[in-house]
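One chain, subunit A, links the two complexes that follow: it is found with subunit B in the first and with subunit C in the second.
Right, the complex of A and B next:
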C-alpha cells in the first residue's frame, strides 16, 4: 500500500508515467466493494471452518469446545462411513460426468448441422438443465422411477421387466437424473466449441478431399479438446457438489448407498450436530477440490490467454 | 436430403426424449389425483386447474415471495457490485488484475459444504437465521464470480475507438460509464442478470440449511411433499411446474448467453 516508489506491476502494457498513490486507489477503487464482499462471505467462513475442524465442538453439548488438535481429522478419516461417502462421490461424479459428456458430444455434433427446427430442438434440449433441481428430483422419483406407476417401467414392461429403480439401483438412479440435467450443459459448451471452428479450415480440408471422419479426427477433435477439458472440469466441479437429488430421492440410502460427501457433511453437521467432525470433513473436501481446481484454473487460463 | 435428413430426425427424437419428463410434469399438474398415478399412465384426460388452486391455497405464496425477494435482490446487488469490479479488471489496468480475476473464479470452486457451518453459526449469533436478507447476501456472493467474469467478457469486446472517442470528448469516468459503456453492454447485463437469477432461484442447499419457516424459498416448499410421497402427485406436479417455470422461461430467453455464464465467461 506504500507503493509510491515501486514500479507499476500491471502486466498490461507499460504505464506512461509513475502513478501517484491517489491515482492507484482511484483505479483500484471500483474493484474493492465487490472484492471485500466476496471475501467476507466466502473466505472468512472458510477460515472459521478450518478453526472448527481443530475444536471439539458439538452444538448439542454447550460445554464442549477447546482445542483437540487433529482428533477430528483422525475420526473422520478413520470413519468407514466417510470412506464410503468418498467412494460414492467418485462413482456418482465419474458416472454422471462421463455419461453427460458423451451424450452432450453426440448431441452437439447433431445440432452443429443445419436442419429444420434446429432452434426448437436446442430449446427442448436445454430445458432439463433449467428445471429446478429439487423439482427435477421429485419428478424422477415419483413419475419416472416409481416401481408401479413410473414411466420407465411402463416403457420396459413389454419386455417383461419391472424394476424398483431407486431401491435396486440407487447409484444408477441418481446418475441418470444427473446425466439428464447436465447433458444440456455439456452440449452447450461443446456446441460453442464446434461453432467456433474457423470455416476456412474446414473448407480447405474438404477441398483437399478429406472425408467427414478424417476431418473430425485431424481438425475438429484437436480444436474441440480444450472445450472437452473445460466441460469435463466444470461438470466435475458442479456435480461433485450434488446435494439436491440425493436429499430428495434417496436421503443417502438405502443404508449408505448414495451418501456422497456433501450429504455426509450435512448429516454430521445438521443431524448429529458434530460441528468439529463435519468441519474436518469439509476441509478434506476443499483440499481434494483444490487439486481439481488448480487444474481447472490452468485450463480456463489457457482459453483466456488467447483473448489477450 | 438422405443421411442429412435422418440425422435431423435423430436430433428431434433425442430432443423430444430429453424434454418429455418436463412435459409430463406439466401435464400431470392438470390432472385429477386419480389420473396422476395409474398403471398404465393416463395420456388423455380432461384438464383441470384444481391442483393449481390447491397449491396456491396451501401457503405457497409466502415461499414464492421469499424466492422472488432473494433472487431479484441478490441479482441486483451482484450486478451493482460486479460492474465496477469488472470495469477495474478490464478497461482499467490495475496492478495484479489477473490475480483478482482468478480469485473470483476460485470462490466458485469452494464447495458450499465448506462454508455452511460458519455461515449457520454466524447467522445464528447475529439473530439472522431464517431471514431472507441473509439468504440474499449469500446468493450475491455465490453469483459474484459469474457476474464479474461475464460482464468483464462483454467489456473486453467493446470497440476501442468508441472508448477513445468518449475520452477525447472529455467525458469523466462516471459519465463515460453512464452514457457510453452501460448502454452498449445493456444486453450483456440483462443476460448476466438472468443467469444470476436462475442460480439463485434454483438454489436449495443454503436455503434448506439457513431457513426454517419464515424465510423459506420455493425449493424448500417442495420438500414438504416428500413426506406424503405418492399421495398427491398431481398437486406436486402443479407446484413443481410453478417452481420451475420462471427459470425455464428466463433460460429460454437467455439461451444465447447461457454458455458464457456457465463457463464463467471463458467461452463466448
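Right, the complex of A and C next:
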C-alpha cells in the first residue's frame, strides 16, 4: 500500500494538501473490516499457539492440562531430534534455494534473448511451479527415483550405474524435487530484473567495446543484485515450510535423515499428540522465520525506494 | 534515476502466484454426496480396496434408507489416523462413523470417545454372536463391543508356487524364518526379489510384520513391570534376521516400501515371497490387479520359537460419542458389517472380494469357499490361532499382537521404526538402532507413568 502512495511525493509532484481528521477516517473506514479479518485470521491462532506452548497438554490423555511455564520450551530445545531437525532444515533450505537460484539465473539469461517461440518456452518452463506440491512429490517418488523403473536410473543405466536415490541420498533427493519446483519462481523474478535493464545503458556498453561477459559483470549483475536478494529471501521463507515432499517420499527417514522442522512438529502434534511441545516448537520456528522475514521486507522496501 | 518505468509488477505477480498456489493446494480433497436424504452420515474410511467397495455399493443402502445420505471421506491409513484422532480428541464431531483398528478401540473406549454398540447389536437380525470371537474380543473394552468389525486380518506367508517348482524347492506348511531366509537366497535374482517385506517408517507399517518376528524369537517390548527389553539378545536376533533378509534379498528401495508398494511388487511378479496381511490375498487373486493369479501359495506366518506367529488386526466401524445422529450412524454400520452385505459384495463384485475375517458365517457360503479356496482356509486358521493375550513367549501387560496398547505407542513406534528403517537403509547397525530404541522405550514407560 505504501508503495503506491509514496511515489507521488517522492517523484516531486504537487505537495498533497493535509487531510482533515474526518477525511482520513473516511478513507480508512472501509478498510477496517478487512484489517480486523486479517488480524483475526492470522493473530488469534498464533495467540492460541503461544497459550498452548505454556500448557502441559496431550490430546490422548483427557486428564492432562495445566500451566507448566517454560517446560515445553526446555523439552523442545533440549531434544536432540529437534536440533537434528534444525540442521536438516538449514541444509534442505540452503541447498534447494541456491540450486534453484543458479538454475533460475541460467534460464532467465537464456529467456532474456529474443528467439522464435519464446512465449511457449517460457510457459513450459513455469509449469513445474504450477504442479501441486503433493502431486510433484509423488511424481518424483514413483517415476523419477524408483530404483527399478525410475527415469533417472533409466538414463544412467547405460553407464552401468544404478542408484537407489531416496535410500542412498535422502536429503539430496528432497533438495532436487524442491529445486525442480522452485526454479521457475526464481527464473520469473530474475527475468523481470533482466528485462528492466535500461537498454540505452547496455547499448552504451556495447559501443564502448565491452564483451558480453564484461557487460554481465559490471552492469547486469549489480542491477540484478536486489532481484537476487528478493528471490533468495522469498524462496527461503517458502522452502523452510516444506512438508509435502518429505511426507510423501521419505516419511522423515531413513532414520531422521530428512526430518525437517515442519515434519518434526507434525510428528509431535499428530503422532505423539503432545500439543504443548508441538506449540512450543512452532513458536520457536515462527520467531526464527520472523528474523528472516524482516530481512526480506527490508530488501523489498529498499528495492522500491531505488526504483522510485 | 531512470525515467523509464520498469515492469515491477512481475516479481510481485510471481510472489502472489506462489501464495495463491499454496492456498489452493490445501483445498484439493473433497467428499461426494450421493442420494438425497436429510440425515447425513459422514464416514471416515481407510483407502483399502475393501473399503472402496462400500462406496460403489452404497446405492443399495440408499434404496433401503432414502432418508439418509452417506458421505465418505477416504484417506490413506496414516492420514486417516491423524484426522480421526484429532477430530475425536478435540471433540469437534466432524464424523458420524469412523474407521478404527483394534489398537485404538480399547484406548478410545476408555477415554469415553466411542459409543458402546452392544445395545444396538442385540438385534437378533444382526447376529452379534456370528462375529469371529478373537476379533470381537480385540474390539471390546470391559466386555462391551465398541467397534463392529468390517474385516479382520492376520498375517501369512505368500509365495510363488511356479518359481518354487522351477527351482525344485518345497514350502513346508509351517516354515521357520531360517527356512524362509534360505528360500529367499535361492530365489533372489536380478528380476525377482527373494522376498518383499515392509521397510517404510511408521508403527502401522514396518513395525507390524517386524513385531511378529520379534515375538516369535522370544523377544518382547515390555515385561509385566513395564521394563523395556528392546536391547535383549532375542530382539537383536529377530531384528537382525529381518534387516539382513531385506537388505540381502529384499525388494529394491526397501526403506520406502510399505504394504501398498509390496503388494504391487508381488502382484507384478517381481518377488518370490511376501510376508504380510492376509488381506493381500484378495488382490493377488483378482485378475484385474494381479498378473500372478493362481500361482500363489499360502502358508502360516514363519516362526522361530513359538508355535504360531501371525498378528491380529481388524478394521472396525465405530460411532464417536460426538456423532450428531448415532441412530442413523448405526443404520449404516449395521448394514456394512451384516451378513447381507457380504452376500451383496459376492454377487455384485465377485466372491474373492468379500471382506474376510469378520463373520464365521462368511466361511460357510459355498460360493465364497470356492472362489477363495486358495486363501480362505489359511486366513481363517491364522485369525483363529492368534493369542491376543500372550502372543509371544512372555506374558505382557496389554492385549494385542503387533503393537503395545498404550496411547504413547503411536509416537514410540514411529520413532523406533525410523531407527530400524535407517538400519535397513544401511545408515547404522541393528545394534545402534536398538540401543536408541531401548532408550525411547524406557523414557516412554517412565513419562507415561507406567513405572517409577
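Throughout what follows, the second predicted complex is superposed on the first by the 281 of 308 C-alpha atoms of A that agree within 3 Å, B and C clash if a C-alpha of one lies under 4 Å from a C-alpha of the other, contacts with A are read in each partner's own complex, and residues count from 1 in each chain.
Throughout what follows, a contact is a pair of C-beta atoms (placed from the backbone, for glycine too) under 8 Å apart; a residue touches a chain by one contact, two chains touch by 3 or more.
Everything numeric here is computed off the predicted structure, so don't read it as measured data.
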item	value
Contacts of A:134 with subunit B and subunit C, given as first, second, both or neither	both
First, second, both or neither for A:45, with subunit B first and subunit C second	first
Contacts of A:273 with subunit B and subunit C, given as first, second, both or neither	second
Which of subunit B and subunit C A:61 touches, first, second, both or neither	second
Most subunit A residues touched (candidates subunit B, subunit C)	B
Touched partner set for A:164, first subunit B, second subunit C, both or neither	second
Contacts of A:117 with subunit B and subunit C, given as first, second, both or neither	first
Touching partner for A:252 - first (subunit B), second (subunit C), both, neither	second
Touching partner for A:291 - first (subunit B), second (subunit C), both, neither	neither
Which superposed partner A:195 touches (first subunit B, second subunit C, both, neither)	second
Doubly contacted residues of subunit A, that is, touched by subunit B and again by subunit C	129-130, 132-134, 141, 146, 148, 185, 188-189, 191-193, 196, 227, 230, 234, 244, 270, 304, 307
Residues of subunit A touching subunit C in the complex	58-62, 129-130, 132-134, 141, 146-148, 164, 166-168, 170, 185, 188-189, 191-193, 195-196, 198, 227, 230, 234, 238, 244, 249-257, 259, 267, 270-274, 304, 306-307
Subunit B-touching residues of subunit A, taken from the complex the two chains share	3, 8-13, 15, 24, 27-31, 33-35, 37-38, 40-46, 48-49, 52, 107, 110-111, 113, 115-118, 120-136, 138-144, 146, 148-149, 151, 154, 180, 183-185, 188-189, 191-193, 196, 227, 230, 234, 237, 240-241, 243-244, 247-248, 261-262, 265-266, 269-270, 275, 278-279, 282-283, 285-286, 289-290, 292-293, 296-297, 300-301, 303-304, 307
Contacting residues of subunit B [partner subunit A, same complex]	4-5, 7-8, 10-12, 14-16, 18-19, 21-22, 24-25, 28, 37-41, 81-82, 84-85, 87-89, 92-98, 100, 102-122, 137-138, 140-141, 144-145, 148, 156, 198, 201-202, 204-205, 208-209, 218-219, 222-223, 225-226, 229-230, 233, 236-237, 240-241, 243-244, 247-248, 250-252, 255, 258-259, 262-264, 266-268
Complex contact set, residues of subunit C against subunit A	1-2, 4, 6-8, 10-11, 13-15, 17-18, 21-22, 24-25, 28, 82, 85-86, 89-90, 107, 111-112, 200-202, 252-256, 270, 407-408, 410-411, 414, 418-419, 421-422, 424-425, 427-428
